[in-house]
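Common to both upcoming complexes is chain A, partnered first by chain B, then by chain C.
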Partner chain A sequence: MWTACEAGNGWELCAIMTESNRGMASPQLAVSPAPHVGGLASSLRLNWSVACCLLPAAAWGVFLFGVPALEVLAVGVGTALLAELLTGLAWGRMTVRDGSAMVTGLMVGMLMPPGVPLYVPAAASAFGIVVVKQSFGGLGRNWMNPALGGVVFALFSWSDAMSRWLPARGAAEGAAALSPLSALRNALAGGKAAHGGLLALLGANGYPWSAADGRVVTWVNGHVLSILGASLPRGAFDMLVGNIPGGVGVVSVPLLLVGAAYLLARSVIRWQVPLTYLVTFCVIAQLFGGLPMGRGWLAGGMLFQLFSGSLVLGAFFMATDPVTSPLTRWGKLIYGVCLGILTFFLRYFGAPGDGVPLAILLGNCLAPLIDRSTRPRARPSGKAAMA
Partner chain B sequence: MKKQRSFLMVGGVNPPSVKLSPGGERIANASIPAFALIPMLQHAGSPAVCLVRPGDRVQEGMLIGKADGVRSANVHASIPGTVVRVEQATGADGTASVSALIEFGGEFARTGKPRERNEWEMLSPTDLLGRIHSSGVVGLGGGLLPTHLKLGRQAVHKAAFLIANGVECEPSLHADVSLMREKSREIAVGMLICKRILEAEHLVLAIGQSHEEELAPLFREAFDDAAQCRIAALPERYPQGHEDLVRKSIIDLAAWADGAGTPGAGGRECVVLNVATLFAVYEAVVLDRPLIERFITVTGSAVRRPGVLKVRIGTRVGDLFEECGGLVEPPGKVVLGGPMRGVSVTSLDFPVTKGVSGIVAFTRSEARTGPEVPCIRCGACVEACPWGLVPTRLHKLIARGSITAALSEGLSQCTECGCCAFACPSRIPLVDSLRSGKRLGALRHHD
Partner chain C sequence: MTPSAGFTKGLFRDNPVAVTLIGLCPAAAVTGRVIDALWMSVGLIFVLVLTRLSQTILQAMLALTESASQSSPSTEARPFRWLGSLVFASCFTASFELILLAFVPDESASLGIYVPLIAVNCIVLERFAASGNREPVRNIGRDIAKSLQESGGLGVGFAISLIAISLVRETLGSGTITLFPIGSFAGTIEAGNVSLAPARALAYAGGGLLCLGYLAGAARLLGRLKGRRLEGQGGTEAERS
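Showing the complex of A and B:
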């Protein structure tokens, strides 16, 4: 309660408490600008949840390729964290805690072929963190995804090492380990054509599918699909679960989807970019993908394309990087379409890699333009002139 | 109903809301304060001129501050007693004005006495307006614009709609709903009075969707002719209750209902008044009772029994917690107003003024905020902004001093509703930044 006090210059002094209230007197009250409630999302937590959701697919790579995969991941992550720490020390800005270096390192490791000389992931991570991210001012100011910047740097610097793969588990002994995409390129270059899908083409060229694949495909064909009069080609199972040579963390599409589903459900990533990206790419690939192979229209084999290379990892985890993608919903939809088109051209008309990293980097360059053209129009508040 | 949605708000957020304790939604009378500190500036405009000096005896409802010109409002004594001091005092929002400290004593002139009802139907619009002016009625929804200005301004051209705004804007605040539940007849009369002044064509009561079932029958009964007033249920997404959004939604809804497309702005003026303001209009005109008390939600996790109180203007904020079962723990932050737009105060020694719609006491752990981290361009603020702005871009423009560029991208549309800052995962104080940008823009404009 207020009491009038004896002396004082203002109300502050007059508004002293009575004895009875003194127990509760002068609590330390925090003062801050409105609003006084905050949302539930936190930028600090976002990166760590992305990292966690990448782990199952990375673990699959380690299971598939063994110690070399683990080494690549460890070097990628270790170098990224170290680079972040050192640049942070140099510029007096400690940001290791925000988890973005962790995500960058993990993505670099996952995009690398297992067994690649370890200086490659190290150089890619360091380039991504120091040049692509920190030199532009750190998290939030980089205009290019650091992991992709590093990987593309490695792709152009060591293109041979970046396309030498390790055989997957249970593959036929002594067979040259080729990723399905490079095997397809070789087969097409060899001029051999086969009827049926792309997998049949690979099979005709003696692609070393695993023994497990043979058992599963035979069983499914015999027990399930025979009723419908259909059959699966060899390799379908290997492609589906990711038992194929490829990057450490990109081969297992199901485990990547599990992580992506969690991120989507928690609104860490938005659906706009992955959906338009994948749909655009699949439609174009199915429509025109057969043409450069001399297979005609509508014979692109979109499922094969969807499951090979780093498309799923790229669409859900790298194209959705908020820093380098457009701000608005419309912008994100357009961005996804652009990425789908770019990926198609880069994948089919020879660029190093499978086209995804380069396509997303080019998309990053387009993002500011898309932002500019999709800036929302301010809705007039219809405010009456209250003078 | 489905079609209507397209006219409603875009963006917005769903902030957490503290529920009232059981029975807390019934309006309780706060006890009469032993001292009331009454500032002469409780409204938008110039401060009233103080008419009393220390030692003066005042009656309940006596005029103690006279409106200084047209853009000002009268101030009345909220309790009978003796003026102890008249001095400059700093209000919760940091503005200083002359304030009178009244020590309670003597008898109530009005409280507890049978009231004489005025036959307001006999009065001319000018007289009605005069009563509202002399009673010191201001916009109690938060705008604090003297109500006679809002009603008088329209007198030149007739208003199409008079909208009673009963959509609770702030989360956690429930006083308007309690008021509508208990004083529907009075509010209805208030609406009719304002309709008469404005010569408005239509009366519309806007309420939150979740209260439609409960409140709509009350108001249909409150009007002699149920067709007099339309009831519009609006979604309860923050900040739907904002005056401009209510106005826009009602205009769009009406246009949709008439099948006339978008109405032209000319000749279709709308006046939006908060339901608490309309109740004050009723009291002023029918009961000759000046605005000396208001309805306040006392809430927050640190309050034991959150509820709605009828409080005399000038009561110390800290004393109101006792009326609600006291505090569970010493609060970490106390906010006057609502959690989204309210002002956090340094102490509990501020008086309740006409502008205090709620008191929210946060616990220590709630008051702690995460550190500000760099913008990751996630776009959450863009999706949250009900006015279609790009808060993150405006923030960056303001930070680098490009106020002109920010203004050309709609900075002046910002109503400081707080949606962007609420949604921001990087905890960037966007509202603060945009507000300072607007202020800088206004300064440049004046140069």
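Showing the complex of A and C:
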């Protein structure tokens, strides 16, 4: 557990580790390996900074989908805090103030479709806190990300409700609200074929892009790209800013990236996992993604895949969860690659959701193994050391 | 040991599913509906009790022949005990399978492979192993009574665990409680609003393992509380029993 601290993984991470170990030691004599940093205050700071970095994307969801999105977020956070409070009372260990339950609840809410029946975020948050986190001993001893555990529970339990979306603000009246991924699935299943990228395919099958998208794409094509002899398909603007049906907090990739950039700059999260995760996924998706769709090699449309679903939120905010991801430097790289491969298979070959939540949960299962096999060892200086 | 101690031991302290964690395959697999759990328990009790009974009688007969022929005891007879026990278990399992098929065909289809698998259920096999190393028989009547108590206790303990798991799983996972029809009662209780949108994750096998884990946890918690109480009264659990 200490290798991470030695490898210079940022002091916040060490704070969590020392705190979780302090729980195991007796309260009077807290024996914990160096570095002796932190305590409750730093864990609180860590969680608040993650929550603040999630907020812009969540606010975008509320702006886009209105009150239903706000309700989902509120119920997710409220239930998580309540569950943490109640289990804390039952276990005799109050941890509700460290802010981790709030982050869990917020992430659950952000992964939910807006307008989902409110018992779904409530059940997901409660499952995440009670079963995934507290039953295994609380923060620092959960082997699975609580928010994702809860969301996957909801995905398996209420899969219909979890794939019913609300139309985004400014969408054409009366059009069926489909997330780009499900629209793509429908288009491939029996729609019209089209030349060009996946966006062109969606456009040919009548995907309701917003009017704003039409104006921006026409302007860019007419004023900028025509000079270069290129053109953007309809929907590029909607996909880029996240003006599409989807989860409350996952649609806006730029705002998620802003939050992630702050966390990266403060060393709250490290670059290894998100970078290897996204790069692996994009490479595989671009190379082989077209094959299951019958579009041949190198036609996967990696940008479309990158901007749809919960990939960016998962890669920056959930795969990097210090408790459930590997701690060693090489371990993080291997972990990211594994997640990319898993996500590709789960997304393309039928799993509930967009493949990201399940892929990260499976990665969580692998994390201890990865840690064990990449643990830095003292170099043996001779035969005696080898023996 | 009081006469009923052998029976109650299997119910709680040595509950096969919740405490010793054996016979878990049916506990995770056929607890999706309460009626399945009920029939599975009936099958296990049937096979376990009858197998143990026949086994004890066989053992007594072997002991009698041994003492008659004055040969060295137990070393020669042990293979026969194992063989005999397996044959008994298979016979009773097959009979139960046929009884189900004859009278409750729906249930037979629903339980599927888990009925034939009773023959190699860990609870049944564990009883073989436990009885194989026992002292030679002295009092046949007492031995029979004891084997009936023990196997009956384990069987009922298994039933309690299975029914507890299936009640939770079916209520939350399907929103119903399926029993058998009695008179005007159709056999299925709807669990209020849950039946509109049940948490189907619990109806999958993973949900079974989850409930199993919490049952085992609850059993350990109760055991610890009981141990603490007995300690407070000046005696540990081991001394008491």
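The rule is simple: the second predicted complex is superposed on the first by the 335 of 387 C-alpha atoms of A that agree within 3 Å, B and C clash if a C-alpha of one lies under 4 Å from a C-alpha of the other, contacts with A are read in each partner's own complex, and residues count from 1 in each chain.
One rule holds in what follows: a residue touches a chain if its C-beta (ideal position, glycine included) is under 8 Å from a C-beta of that chain, and two chains touch if they have at least 3 such contacts.
In this text the structure is predicted, and so the values were computed from the model without any measurement.
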{"item": "Partner chain(s) touched by A:Leu188 [first = chain B, second = chain C, both, neither]", "value": "neither"}
{"item": "Touched partner set for A:Leu118, first chain B, second chain C, both or neither", "value": "neither"}
{"item": "Which of chain B and chain C A:Ser42 touches, first, second, both or neither", "value": "first"}
{"item": "Touched partner set for A:Leu139, first chain B, second chain C, both or neither", "value": "first"}
{"item": "Chain B versus chain C as contact partner of A:Val131, first or second or both or neither", "value": "second"}
{"item": "Partner, of chain C and chain B, that touches more residues belonging to chain A", "value": "B"}
{"item": "Which superposed partner A:Phe153 touches (first chain B, second chain C, both, neither)", "value": "second"}
{"item": "First, second, both or neither for A:Ala161, with chain B first and chain C second", "value": "second"}
{"item": "Contact residues of chain A, present in both the chain B and the chain C interface", "value": "none"}
{"item": "Of chain C, residues touching chain A in the complex", "value": "197-202, 204, 210, 214, 217"}
{"item": "Residue ranges of chain A touching chain C (in the complex, touch as defined)", "value": "117, 119, 123, 131, 135, 153, 156-159, 161"}
{"item": "Chain B residues touching chain A - in the complex, by the definition given at the top", "value": "10, 13, 15-16, 33-35, 37, 84-85, 87-90, 99, 101, 103, 145, 171, 244-245, 247-248, 251, 265, 269-270, 316, 318-319, 327, 330-335, 337, 339-349, 360, 362, 366-370, 373-380, 382-383, 386-390, 392-393, 409-410, 413, 415-416, 418, 421-427, 429, 431-432, 435"}
{"item": "Of all residues in chain A, those that touch chain B in their complex", "value": "1-4, 10-12, 14-15, 17, 21, 24, 26-39, 41-44, 46, 98, 138-141, 270, 322-323, 325-329, 332, 375-384, 386"}
